[in-house]
Amino acid sequence: MNPDQLKILLQAVKGGDTPVDEALEQLRHFPSQDVGCAQVDHHRELRQGMPEVIFGEGKTALQIAQIMRAMTDKGSNVLVTRLDSVKAGEICIQFPTAVHYEEARCLTLEQKSVEQNCRGTILVVSAGTSDLPVAAEALITARFLGNRADHIYDVGVAGIHRLLARREQLCAASVLIVVAGMEGALPSVVGGLVDKPVIAVPTSIGYGAAFGGIAALLGMLNSCAAGVTVVNIDNGFGAACAANLINRM
Amino acid sequence: MNPDQLKILLQAVKGGDTPVDEALEQLRHFPSQDVGCAQVDHHRELRQGMPEVIFGEGKTALQIAQIMRAMTDKGSNVLVTRLDSVKAGEICIQFPTAVHYEEARCLTLEQKSVEQNCRGTILVVSAGTSDLPVAAEALITARFLGNRADHIYDVGVAGIHRLLARREQLCAASVLIVVAGMEGALPSVVGGLVDKPVIAVPTSIGYGAAFGGIAALLGMLNSCAAGVTVVNIDNGFGAACAANLINRM
Amino acid sequence: MNPDQLKILLQAVKGGDTPVDEALEQLRHFPSQDVGCAQVDHHRELRQGMPEVIFGEGKTALQIAQIMRAMTDKGSNVLVTRLDSVKAGEICIQFPTAVHYEEARCLTLEQKSVEQNCRGTILVVSAGTSDLPVAAEALITARFLGNRADHIYDVGVAGIHRLLARREQLCAASVLIVVAGMEGALPSVVGGLVDKPVIAVPTSIGYGAAFGGIAALLGMLNSCAAGVTVVNIDNGFGAACAANLINRM
Amino acid sequence: MNPDQLKILLQAVKGGDTPVDEALEQLRHFPSQDVGCAQVDHHRELRQGMPEVIFGEGKTALQIAQIMRAMTDKGSNVLVTRLDSVKAGEICIQFPTAVHYEEARCLTLEQKSVEQNCRGTILVVSAGTSDLPVAAEALITARFLGNRADHIYDVGVAGIHRLLARREQLCAASVLIVVAGMEGALPSVVGGLVDKPVIAVPTSIGYGAAFGGIAALLGMLNSCAAGVTVVNIDNGFGAACAANLINRM
Amino acid sequence: MNPDQLKILLQAVKGGDTPVDEALEQLRHFPSQDVGCAQVDHHRELRQGMPEVIFGEGKTALQIAQIMRAMTDKGSNVLVTRLDSVKAGEICIQFPTAVHYEEARCLTLEQKSVEQNCRGTILVVSAGTSDLPVAAEALITARFLGNRADHIYDVGVAGIHRLLARREQLCAASVLIVVAGMEGALPSVVGGLVDKPVIAVPTSIGYGAAFGGIAALLGMLNSCAAGVTVVNIDNGFGAACAANLINRM
Amino acid sequence: MNPDQLKILLQAVKGGDTPVDEALEQLRHFPSQDVGCAQVDHHRELRQGMPEVIFGEGKTALQIAQIMRAMTDKGSNVLVTRLDSVKAGEICIQFPTAVHYEEARCLTLEQKSVEQNCRGTILVVSAGTSDLPVAAEALITARFLGNRADHIYDVGVAGIHRLLARREQLCAASVLIVVAGMEGALPSVVGGLVDKPVIAVPTSIGYGAAFGGIAALLGMLNSCAAGVTVVNIDNGFGAACAANLINRM
Amino acid sequence: MNPDQLKILLQAVKGGDTPVDEALEQLRHFPSQDVGCAQVDHHRELRQGMPEVIFGEGKTALQIAQIMRAMTDKGSNVLVTRLDSVKAGEICIQFPTAVHYEEARCLTLEQKSVEQNCRGTILVVSAGTSDLPVAAEALITARFLGNRADHIYDVGVAGIHRLLARREQLCAASVLIVVAGMEGALPSVVGGLVDKPVIAVPTSIGYGAAFGGIAALLGMLNSCAAGVTVVNIDNGFGAACAANLINRM
Amino acid sequence: MNPDQLKILLQAVKGGDTPVDEALEQLRHFPSQDVGCAQVDHHRELRQGMPEVIFGEGKTALQIAQIMRAMTDKGSNVLVTRLDSVKAGEICIQFPTAVHYEEARCLTLEQKSVEQNCRGTILVVSAGTSDLPVAAEALITARFLGNRADHIYDVGVAGIHRLLARREQLCAASVLIVVAGMEGALPSVVGGLVDKPVIAVPTSIGYGAAFGGIAALLGMLNSCAAGVTVVNIDNGFGAACAANLINRM
C-alpha cells in the first residue's frame, strides 16, 4: 500500500464509501505480517519511501518464497538481493515471472510497472572489471525503485584520462554512485569534478592488504573530496537506496 | 568567483565590454594560486558547488592566515575547521571580523552575506551531550554553505520515547545528519522513521571498546536501515557538505 | 548427581543406611571421569548450577559419543551444541532417543524430565530472519536447563514500531536475551524499555564491515543502555546459561 | 519520581484529591526536561529500574552542574561517573553535600537515604592492585543503587591459592562482578567455582599486547566458564547496573 | 666444500692428520644441498641442536619427498609437520617405514633410534578436547628430538579442581608446554603452581571473538605469571623445539 | 602502439605520407577501447613504460578472452596474472600459442619477441619453498617486460650462512626483489649487504599469527635497512613492474 | 596461619619435633599478607622459584611503599619494575638503601646479598640504541634473581657482520634474551646461530606501521628459527624471569 | 681490524705494496666502532651506497652527540632525523656548524661538500599542506645523499587539474616520491601518468578512520598503478634512501 492508495482509502472512509470494518481489514497487517520466520513490513514504502527488500543471504529459499508470497499477495513488486544461483533457481520455478540477474545476484518480480518520478539520472561509475557485480546490484536497485540509471565502467584512477574523457556525463548526473576496490581512490577524484552528491561503495575486490575491502573503505572514509559519503563494503543496494532518496522529487 | 560572476565576465568579453587582457587578469589565478605553503583553489565553487574550506589541523596559524588572506583578497567568505583555541586567537587578531566557535572548533569570516538558495531544512540530530561539538561543526558548516539548519540533541536510543516525541520534526527535514558515539545506533532508528536521506556521523566519544569511534563507525556502516550513508569519525564538516549538495536546488 | 541426590546420599551414610564403601563407589568419579579424550565432570551441576554440556565443534562424532555414554551411564540428561548434521546423524543412530535441532545445531537426550524451578520467563528477542539459528540455540538451552522461554523475532530497530508493539511482552519477562547482527543496536533499545537484565548476543550475520560479528559485538559492548551485558559472537548457548543462573530461585 | 510516588499521584487524581492540572504539572517533565545541553530523563527509574546517572567524561563542569540541578530539584539522588578531580572540585563547591571518590572517579549526592531492597550481596572480585579504581566504581554504583556490596582484591590467577582461600565468600554472593586486566582469566576460574551469575569487567591495565584492555576483553568473551557475561573495558558502572537488575527483588 | 673436499677432510681425520676438534670446526657452517626446490641444511643439528624439520604446508608431496630423500640419503631421521592426509598417503607409499600421525598431522621416519640424552620430562598440558591435535604435535616432536614426554589433557581453568588434582605431576616436570584455546588462561594458572619454565601454545580453537587464536595468544602474552613465554598459534612443533633446547644436558 | 611506432606515424603525417584521416583511424582507440566489460588501454606502454596486464582474479574466462583478443588484434604481447588452472585451460583452447605457468598462476602470449633493453639483472631472492609461486610470478613478469632475471631460493635468515654464501651474486644485481613470508626479515638482511634498490614482497605463507602475510608486511615496512620499499602481499607482479621501471635505460 | 602459629611451628622445627620436610609442606601454600591494597605473597619463591616482584605502573608511590615495607619486614630483597622517576624519588627517600635505575625504570633494594646458583650466563642481545631500556630491565632482573648476565648491543640485522663478529660470545651463553623493535628480525638470525633457548622481546620502538611493537611481536611469533619463544612487548622483566627458570640448577 | 692494522694497511697502499683493489676488499666489512651506546658503522657507505644516518627518536641528545662525534672524527657528513627542537638545540651548541631544519625535524652537518653524481632529478610530490614535514624530510635526505631534488606541493586528487597542470615536470623526473595522507590516492594517479619508479609515502595526517596513516598505507599498498612501491608511514627518509639508490649512476 503506497501513500496514494492510503489517501484514497482514508477519503473513502471519511466519505462513507468504505465502512470502517472494511478499511480495518485492509489495514489489518499494519504494522507487519507474521509469516513464520519474518514480520513482513507492508507499510515501509509509506514510512521510508521505498518498499521492503528481501536480503537473500542467510535465508533459505523456502523462507524467501514465503516472504515473497506475502508481498505479492499485497500487490507489491519484489526485489531480492544477495541471492545465489541455486536458491534463485528454486524461486524462479515457483515465481515464473521473476527475473534473475546472475552477475548482480539479484532477482526482481514486477507485478505493476515501475513508476519513474525522480528528478534526474543516477550515474553508477565503477573502477575495474571486477567491480561489475556490485555496480550491477546498484543499477538494478536504482531502476527497481523508479530511477533513470546509467553506468560508466573501467575508469580507474591509474588511467585518469579515461575518466576525464567522460567529464560531461559525470556532470550531467543528479547523484553519482562510485564503486571501487583496491585503494578506493575513484570517489575522491570524481567528487573533485562534480557538484553533486557522491556515494562511495568500497568493494571486496583486491588481494593481500586489501583485506576484503577494508583498504577501499578507509580510503573512501578519508576522501579529501568533501561531500563524499560511504556505504558498507559491496553494498551496491544500500548506495542505490540512498541515491533514490536523494533523487526523489 | 562563482558561476554567475563567470557568466557575466564571459558575456562581457564576448560583447567587447571587457578586453581579453582584463578578463585574463581576472582569471589569472585559475586553476589555483600558490601562497607558499598551499595552492589556493579559487574556482572550487565553480567546479564543486562550494568554496574551498581550510582544514586547520596540521597547519600553523601563519599558514592558515596566508590562505585566508588569499581568499579574502578575492572576496570569498572563509570557513576554517579543526581549529584549536590558541591558533584561533592569533587569527582573530589579524582578522577582527572573524567569528570563533569554540565548541565546534570552527572560525568563519563572512565578507558577503550567505545566500540561502536551498530546498529545505537540514536537521542535525545528536545522541548525547558529548556529541555536541561534532553536531555544532555540522550546523555551522551547513549554515555557512547557505542552508537552513536545525538541531535536536540528547535523543539516544536507550530512551526511545525522547526521539519518537520529535517524529514530526524529523519527517519535516529534507536531509538529516545523525551524530552518535558509543554504539552508533541512532541513524538506524532515525532512518527507519523518515523517507529522506540520512547521513550518519560516528563520534569518537565513548571509552574502552568504543576504540575512538570505530564501534560507532562499524555500527553505522552496518545499519539495517537502507539509505543511510556514512562519513568519517567526527567529520561533522563532511556530513554538512554532503547534505548541502543534496539540499541545493 | 545433583545437590538433592548428594544430600540424600550423605544422610544415608550418616544414618548408617548406606555403607561408606558403597557411598565411595557412587562418588568414585568425583572430581571427573577420564574417557580417553576428555575428563567428564559429573559434579558440575553441584558446583555450577547446571550440568556439563558438550561443545560439538572440533570433536569427532566418536569422541562426542564416548562423552555422552559416560554421562547417560550416570543418568544425566545431555545437550550437545555446535553439532553439524553429519555428526548428528551418526550420533542419532547410536542414541535413538536423542533429538536433533538442525537450525539450532543442537542435540538433546533427556532421560529424566526437565524440572522447571525458575522464577519467570526468559524472553529471546531477535532482530532478523538470519539471526534465527543463534536465537534457537538460546531457546533450546534455556528450556533444557529448566526455564520457561519464549521468542519474539524479526523486530530490528529500523522498524521500531514492530518492537514497540510488543512492549508488554518485553516487560513481562524476568530476563531478556537479545540477539542481533549487523549494527547490533537492538539490545540498547530493549534495555531502555525494560527494568530487567538484558543479555546481548552479537551474531556473525552481515557482510562487508560487519566483520563476522565484530560490528555487532562492539555496538553491544558500547550500549548506551546501562545494564546490558554481552556474550561472545553467536553464543546463544552462553547467553542461555547466564540467563538460567539469573532466573533460578 | 519513582513507581510508588507515581501510583500515589494517580490514585489521588482518581480520588479527586489532586486536580488534573496539578497532576499535569507534576508530570510536565515527562518524558524529559531540556536543560540546554541535555534532555534529563526523570522517569528512567520508572522505566528501567534505576535513576539516570551522569557520565562525566566529555561534559564540562558547567553542563554537569546544570543536569545535577535539574535532578536535585526533583528530589533525586545523583551519581556522576568518569569525573576527573578538577571538575569534581568545581562541582563540590556548588553542591557542598556531594561526596567525591577520587580513586573511583565518582561523585554522589544523596538527598534521600538509599533504600536497600535487594535479594543478596553483590561481590566485587578484583585481580590486581591496578584494577582497584574500576572495582571501586562498581562498588560505589552498586551501593548507590541500594545493594549490599563487598570486595575481595588482589586474587589473580597466578596465585590460585589466594582465590581458593575465599571460596566460601564467593559462593555466598548472589551476583559476582569480576574485574581483571592483563589476560582477564579470573572470571573463568570464578565462574567455575560458583553457581551464580558472573559479570566480567576487563580493565585497561597492562602493557604491550594488552592493548588497553583488548586482551582481557577477548579473554572474557571467550571464557570457558558458561554463564559469564561481559561489559565494556573499565566499565565498573555498567557491571554494577547489570548486577543491580539481577539482585533486585 | 664439495664432496671431494669432504672426503679428503674425513680421510685426514681418519689418518690422524687432522684432530677431530679442528674438523668439527671446519664443518660447522658447511653450506647446504640444493634439491631443486630447497636448500637442505644437513648441519643444522650441529649448529642449532636439532635436525632440520620439513614444514609440510605449502609444499607438494613431490617436493617433500625430494627433501626427505636428500635427508635419508645422509642417514638422518625425518620429521614432517603440517601434513594433510592426502599428501601423507602419497609419501608413505614411497617411504614404507614412515609413520603417519593423523591427529597430529605429522609424519616421522626413523632410520636410527632416537637417543635420549635430556635432563627431565617435558609435560604437555592441554585445556580441552579440541586442543588435542596441537598437543599431539608437541608430544611427537618432543619425543622425536630425544625427550621423555607426558600428557595431561582436558584440565581447563573453569574446573580448576581437575588441574589441582594433578599438581604433583606438574611439579615433577622439567619443562611444561601448556596448550589452550578460547581465553588461553591455563598457562597463567600452571605458571603460578610450578617453578619450571612454561611454554604457552595458543590454539585456534574457539568461535566468534576467539578470532582464530588471537584471544588466547593475547591472553598468554599478558599472563600475570612471570616466566611464561609464548609461541605462535597452533605451533606445537615450535614449543617442543624450545622445550628440547631447555631440556638438553 | 609503442613510442617508436607513434613517432613514425606522426612524422608520416607531418611529411604528408599519411593522410590525417588514416592517422586518425590508427589512433582511434586512443585513449581506450571498450570491449563490453573493460576499457582496454592500448597506450599504457606509451604513458607508463609497460603494456597493460590483465589481472585474472574476479574476471570470467570469457571476459579475459575478450580483452586478450582486443590486445592481440593490436599486435600486443599479453600477460595474464592470478589465473587459476580452470580458466587457463579454457583460454589456452582459444589461444593455442599461449603459455600457462601453473605454479606462478600466469599466462603469457608473445606475438613479437620480447626486446631486452635494460641496464642489468633483476635478482629474485626467496626465503622458503612455500614462497616459490610468488617468486615465480615476479620472475615471469620481469622477463615478459624485457629484463634479464635470476633466482636464488630457500635462503631464509635462520640459516644466514646460506645467504652469505651467495653474497657475490647479490651484489652483482642491479635491482633485487626479495620474497618472504613468516617474519619477513630477509629484505632487511639483504638490504644491509647490497648497495642497490631492494623491493620487498611479503607472502601470505605462514600460520597462526602470520595473519595471511600481515606479519611479513609489517616486518618489511619497518625494515631497519634504509632503502627497502614494499609492495602488497603476494604481489610478485607489482614488484617486477617496479623493478622494470628501475632497470630500464 | 598467623604469626603465632608460625612461631610455634618454627620452634617445633628448631626443637626437632617437626621434621623440616613436614614443615616445608605446611608452609608451601601459606596464604598471603593483606596490606590494604594488595595480598603480598611471601611464599612465591618457595612455589615459583623467584620472589614476588612489584609492578610499579598503576600503583601509587604510597601503595608501592606499603608492599615494600611488608616485604622488607620479612627480610626479602625487593625489585620494583615500571617505575617512573617521580615515584622512584619518593620511594628512595623512605628507603635510603634502595637503588634506582633510571634507564631501566627499575628499583632494587637488596638486604641480603644475591646468591648465584645458576648454570651459565644469560646473554642479552639488543638491536638498536633505542632498545636499551628494555634490555636494561632484563639485565637488572636477571642479576637480581641470581644469574650472571652480559649484554651485546646495537647489532641489528641490517649490518649482519656486527652480529657475526660476536658469534663466539653468542654460542657461549646458556640462554639468550634477544631484544628488538622495528621488524623484530634479530631473534630469527640469532636463533639460527646458536643451539640454546632464545627468548625474544619485542620493543615498542619504531614509528608508523610499527604500531607500538606489534610489527616486532608478529615477526618474533612467526620466526623461522624453531625454538624461539616470545614475551610481551617491552617485557624485559618477563624474559629475565623465564631465562632465570631455565638457567637455574 | 684495529687502528694500527689500518695504519699499516694504508701505508702499504701508499707505498704501492698493496694494490688499491686488494685494500678495498680488506676494508669492505671492517667492523664497527663502539661508542658506549651504539656500534657506529663507518663502512656502511662502502657496503650500502650511503653513510650511516642517526635516527634521533628514542636517543638522548648526549647519545646522539657521541655518535656524531665518532662520525665527524672520521670526516663523515652527518644527518640526524626525527629530532625534536629541544634536542636539536642542545646539539647545535656542541656542533655550531650543524644546520637544524625544524619543519623536517632533521639536522645536517656537512664537513665536506656533497658530491652530486646521480642520473636525474628526484621529484617529491605532496598532497596537502599538512604533508609538508614528511616531504621536507625526503627532500633534505635526498639532497644530503647527493641528488638533485625538487618539490611540487598541495596537489591532492580532489582537484585533479592542479596535478595535471604539472604533468611535464612529473614526466621529467627520474624517480618520484609521492607523499600523501588521508586516502593516499595520489601515488596511484601519479603512477598512471609517468613511466618512472614511484615511491609512495603514507603520512599520519588525517583524523578518525585515518588511523594515524593506516588508511593511506593500505591505499598505497593496493594501488591500481603497477610499479608503485611503499615505505613506512611518515618515512620520508626511507623513501629518499630508496630513491637515491635508484638515481645513482
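Going by the order they are written in, the chains are A, B, C, D, E, F, G and H; count residues from 1 in each one.
Just so we're on the same page, a residue touches a chain if its C-beta (ideal position, glycine included) is under 8 Å from a C-beta of that chain, and two chains touch if they have at least 3 such contacts.
Owing to the predicted nature of the structure, the values given are computational and were not obtained by experimental measurement.
For the two copies, chain G and chain H, the CA superposition rotation is 90 degrees, given to the nearest 5. Centroid analysis (C-alpha atoms only) places F farthest from chain D. Separation between the centroids of chain C and chain F, computed from CA atoms only, is 54 Å. With centres set at the average Cα position, the gap from chain B to chain E is 60 Å. Chain E and chain H have centres, each the mean of its CA atoms, that are 43 Å apart.
Averaged Cα coordinates give chain A a centre that lies 38 Å from the centre of chain C.
The multi-chain contact residues of chain A, meaning those touching 2 or more other chains, are 128, 159, 191-193, 208-210, 214, 217, 221-222, 225-226, 232-233. Chain pairs that touch one another, listed by label: A-B, A-C, A-F, A-H, B-C, B-D, B-H, C-D, C-E, D-E, D-G, E-F, E-G, F-G, F-H, G-H.
Every residue of chain F that touches chain H in the complex is listed here, in rising order: 47-50, 53, 191-197, 199, 217, 221-222, 225-233, 237-239, 241-242, 244-246.
Interface residues of chain H, counted against chain A in their complex, comprise 127-128, 156-160, 164, 182-185, 188-189, 191-193, 206, 208-211, 214-216, 218-226. Those residues of chain H whose C-beta lies close enough to touch chain B in the complex are 128-130, 132, 153-155, 159, 161-162, 165, 205, 207-210.
Partner chain A is touched in their complex by these residues of chain F: 31-32, 37-39, 41, 44, 55, 57-59, 63, 67, 82, 202, 204, 212-214, 217, 232-235.
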